[in-house]
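Alright, structures below, take your time with them.
Two complexes, one shared chain (chain A), two partners (chain B, chain C).
What follows is the complex of A and B.
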């Protein structure tokens, strides 16, 4: 009897352990996380760490690199093309982000008006965000063509210009041209998300302000902006991050030219690492972007905290 | 002019039409023209014969005198374009399915099981979304090479989820939060397992969220460029964006007609999908920001 009973007892014990584990939220939770965590560790966390390491080696494509400490960063600090790319990246980010914000906010305010075909207009506005960036960038490439640019043609026909503009051949023209393409691509995202924010503001606030005799500008300044500021912080953090690390638009329209005038840190890093074969140096350039990104995130995070605190809210 | 239907802001309805035209319709119209013009230009160039494309003296560049399908024909029959399209579809669909599966599980665990430390894991996954691909592509290229995945669809199918999972998980967490806990509790009391609850209660109720996460994941994969540019080398394995700008340019000769045709036909599938689900798309995008 005892001999028979033992395995049964063990079985009962084991199955209860098993089923208890399946009722345990901690165990189940961990099991559910496995697919996501496995992919993210293997293809996100590990590469991130590997990238730090590669930046401190002289790895070439197809070869094994050795540790050289900060030598890549030292040589980059003497590299005028690298500093030009830092300048270009900041220029591109600052101007594109400011204009995207301004037009995006304006467009959101316009879309928040009572309009016929409201949802259709909203759907149309979002199109540049939906269409693959590289494919729309090809259209911009053609719009900026030196001989067949439609912009030049219109300006000449209108009598404003006498000859075609060399959009992508002149350094400053090229910088402004890619900024314009980036603005075109980014405005819809800013506008639609700010519109969502506008719609959460209670109309009674505006009615109260109206009764108090507030002007349009005062209502915007004292109701719209403060109520919108948390969403503005989130949207602009994303917008700055995406603009700062942009690759597609530049690679498609100018490939960094003319004479490196539009190279961003991302495109320079691609050129050095993949085209040029110096994986280590390319990784170092990528890593040099990280401090800027962390600064952007912290700035908006603390900015958000501060504005919440000012409004007297907690959490 | 305007019907007094929705929640008006203030007393704008007292405004006269000419005033509202100047203040709202005109600027809105100008911005929309600015946003749509590149698409118009893309379409016009696609259907214009070469003779008209390079002659602005005889023909008005905004119009097409003799529409032609020559560029599209060239794109489909003289290049690897059909293969690129096939690759893009395979990669986007596979990456979307993997990401949706992983994200549904993760979001459910974080939001519903609330296991120990789930808040921190949730935050960590969200932070993953802030890591840009232009920082990851170099080490990922090294890994893809070591794993022997270089120059194949699998390299893209496995790496795209790195930016899709954080986003989808974040979006789905928001949707799961809207489903009342009581429903799950009742099912638990009735003896349903967690898996049954997920597949029979939570998932059906959050279907709109799953659909919008899927559309987002699909459009993001279709749009991806830097990984595809780095990990793929032979023409027949490329995706549309990479194929278009690396294979349709021969030295200094740009085949503008074919390039524009590729841009147009490569955009169409995403735009069609988007137009069917635009309400989901917009609400997911704005909902994700409100969180």
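What follows is the complex of A and C.
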């Protein structure tokens, strides 16, 4: 019996430890977090770390790279095409994000009113977001075609123009053209998300403001905007991130041309890494995007979410 | 021992066989193919997407024939040239994906150690059919071994409207760069302009820009792989193209590889660089207007510049198999089958001469003389230089082309964004970043 008693006791002890652990809220919480943490490490942290590492190497396609420190970044700092892509990316992001926000907010306010066929109108607004990016990019590529552009054709038929507009063959025309395509594509996301935010604002606030004799502008400025600022922060953060890292629209419409005038950092990174074969340099260009992205996130969260703004105050 | 490779063994064996054949001991055989594919082999082939449907249909039909004959299953897929390049790169990097790719230019030289040695296939085909064009050999061979088998080139020739060239005062298409410029100026004057892609077009823009650079004696690198693009010869080429650009239809700075096809068949341009696809598509089109254009068009080789020799750059297509394949022998068997003259010839007929052959022996295919309009495409590989000229093919040559260094240089100078001198200096600065590695 004495021989049997000891293992049983140990078993009971182990079993009770295991059972007690599962009774602990902290342990259970940690266990439930394990799958999420594993996914984050595998699909987010690891690729990010790999990207950092590649950016510090001279890795070529199919080869094993050597650690070269910041040599890729030093080389990029002397590369005029890289700096042009930085300029293009900032230009593209700033203009597209501002216009997307303005149109999106206007549409959201409009859709929040009592409109006939509201559901149908909302569905139509969402349409550009539903169409796959590549398909909409191909459509824009045709719209901007140097020989077959529908815009040029209409303007010529209307007698407004005498020759086709060179949408994509002139550097500045091309920059504005891709910004416009991005705006068309991105407005629904901003509009629908802001609409969701608008619908969380209590109507009693507006009723009280009405009783106080507030004008439409005052109601917007002192109720809508402050109450909406947390959702604006989230929407603008996502909008800026998605615009800054855009690839498909540019690659399909211009491939970075003409003369690299529309190359964004993302498209240049792809061109250098994959078609050019220099994975290390491509990764370095991607890594160079991170400070800009972090700055955008910080601006959104620490700027737009200021509590005084939300309370309708001023800086 | 390092010099004692499979090729030297083969040479020695064939030499011995020839000696023995002399007195009639061994029957004379041009080339021998001994390869036993792996049992139950199954391979995945990724090739360039067709511009001519009949060409792809024939290729698929022959692939089926290969499977029936050998028992090797083949899954055939197609992607555009631009999309094959990243897929090939990813396959090389991760060691998974297609077993065999039919891609373009010097892509295999970016990851040669990942590829199956196909020296035996190249030696067999070369010996069987009397040798490769030198440029084809350069695209296939790294050191002493072959890492790729050239399939040919989607030949690029000048496509022109016969009536428009005549109206411009030329009974014959000019054969030199000076006459070519005069023709373009006259076409512009007659409101029937030329149009050549100057956007990031992999095939067409690279094709004619490299031609212009080399025609005036310019080159990205010398034979020691030193960057020499910033030279008086390059500036002469840029000055020439600046004058040509003034005659082009507006919008070419944005053109990709499909724009000139569309513009030509719409009747908007009367001269461009393209494969035979414009004519083939026009000829087979149900649209009478396009049929009329096809009837009124012809093809010519690129004019010869001050260097006095042809300086074309062609979109050479290459087979390359990956070491990650479980069935490397089946891969080689497939390449050999598809490249065998009988099969190649039949495919060439279906493609209407879309692919210029890499072996001069294949020039006797009746398709090349079935219509004089097809003939200029036959000798594309005879007239062409490799895109690493005058240096080696490799990571740097591929990167310079992939990064559009030469195209951007011409686009900058031609459009007046920079002076020719500044454009050449910028191109040199960009090229050096790749060739310094």
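Convention: the second predicted complex is superposed on the first by the 263 of 315 C-alpha atoms of A that agree within 3 Å, B and C clash if a C-alpha of one lies under 4 Å from a C-alpha of the other, contacts with A are read in each partner's own complex, and residues count from 1 in each chain.
In the analysis below, a residue touches a chain if its C-beta (ideal position, glycine included) is under 8 Å from a C-beta of that chain, and two chains touch if they have at least 3 such contacts.
These figures come from a predicted structure and were not determined experimentally.
Undergrad: Using the superposition on chain A, tell me whether chain B and chain C clash or fit.
TA: Overlaying the two structures gives a clash between chain B and chain C.
Undergrad: Please work out whether A:134 is in contact with chain B alone, chain C alone, both, or neither, and reply first, second, both or neither.
TA: first
Undergrad: Spot which of chain B and chain C makes contact with more residues of chain A, would you?
TA: B
Undergrad: Which partner does A:112 reach: the first (chain B), the second (chain C), both, or neither?
TA: Only chain B is touched by A:112; chain C is not.
Undergrad: Taking the superposition on A as described, I'd like to know which of chain B and chain C A:286 touches: first, second, both or neither.
TA: Touch partner of A:286: chain B, not chain C.
Undergrad: Regarding the shared-chain residue A:32, is it in contact with chain B (first), chain C (second), both, or neither?
TA: first
Undergrad: With the two complexes superposed on chain A, say which partner A:148 touches: chain B (first), chain C (second), both, or neither.
TA: Both partners.
Undergrad: Out of 79-87, 115-123 or 367-375, where does chain C run into chain B after the fit?
TA: Once both complexes are placed on chain A, chain C clashes with chain B in 79-87.
Undergrad: Give me the intersection of chain A's contacts with chain B and its contacts with chain C, in residue numbers.
TA: In the superposed arrangement, which is not itself an observed complex, chain A uses residues 145, 148, 270, 274, 279 for both chain B and chain C.
Undergrad: With touch defined as at the start, can you tell me which chain A residues reach chain C in the complex?
TA: 58, 60-63, 75, 78-81, 144-148, 163-164, 166-171, 174, 254-260, 270-272, 274-279
Undergrad: Please output the residues of chain C touching chain A within their complex, sorted ascending.
TA: Residue list for chain C touching chain A: 82, 85-86, 89-90, 92-93, 110-111, 113-114, 198-200, 249-256, 259, 262-263, 266, 268, 395, 398-399, 402-403, 408, 411-412, 415, 417, 426, 429-430, 433-434, 437.
Undergrad: Residue numbers of chain A touching chain B in their complex, please.
TA: 22, 25-26, 28-30, 32-37, 39-40, 42-44, 46-48, 50-51, 54, 59, 103, 106-107, 110-116, 119, 121-128, 130-136, 138-140, 142-143, 145, 148, 150, 153, 184, 187-189, 192-193, 195-197, 200, 203, 206-207, 210, 219, 231, 234-235, 241-242, 245-248, 251-252, 266, 269-270, 273-274, 279, 282-283, 286-287, 289-290, 293, 297
Undergrad: Within their complex, state which residues of chain B touch chain A.
TA: 2, 5-13, 20, 24, 27-28, 31-32, 34-36, 38-39, 41-42, 45, 53-54, 56, 61-62, 98, 101-103, 105-106, 108-110, 113-116, 118, 121, 125, 128, 130-143, 158-159, 161-162, 165-166, 169, 193-194, 219, 222-223, 225-226, 229-230, 240-242, 244-245, 256, 259-260, 262-264, 266-267, 270-271, 274-275, 278-279, 281-282, 285-287, 289-290
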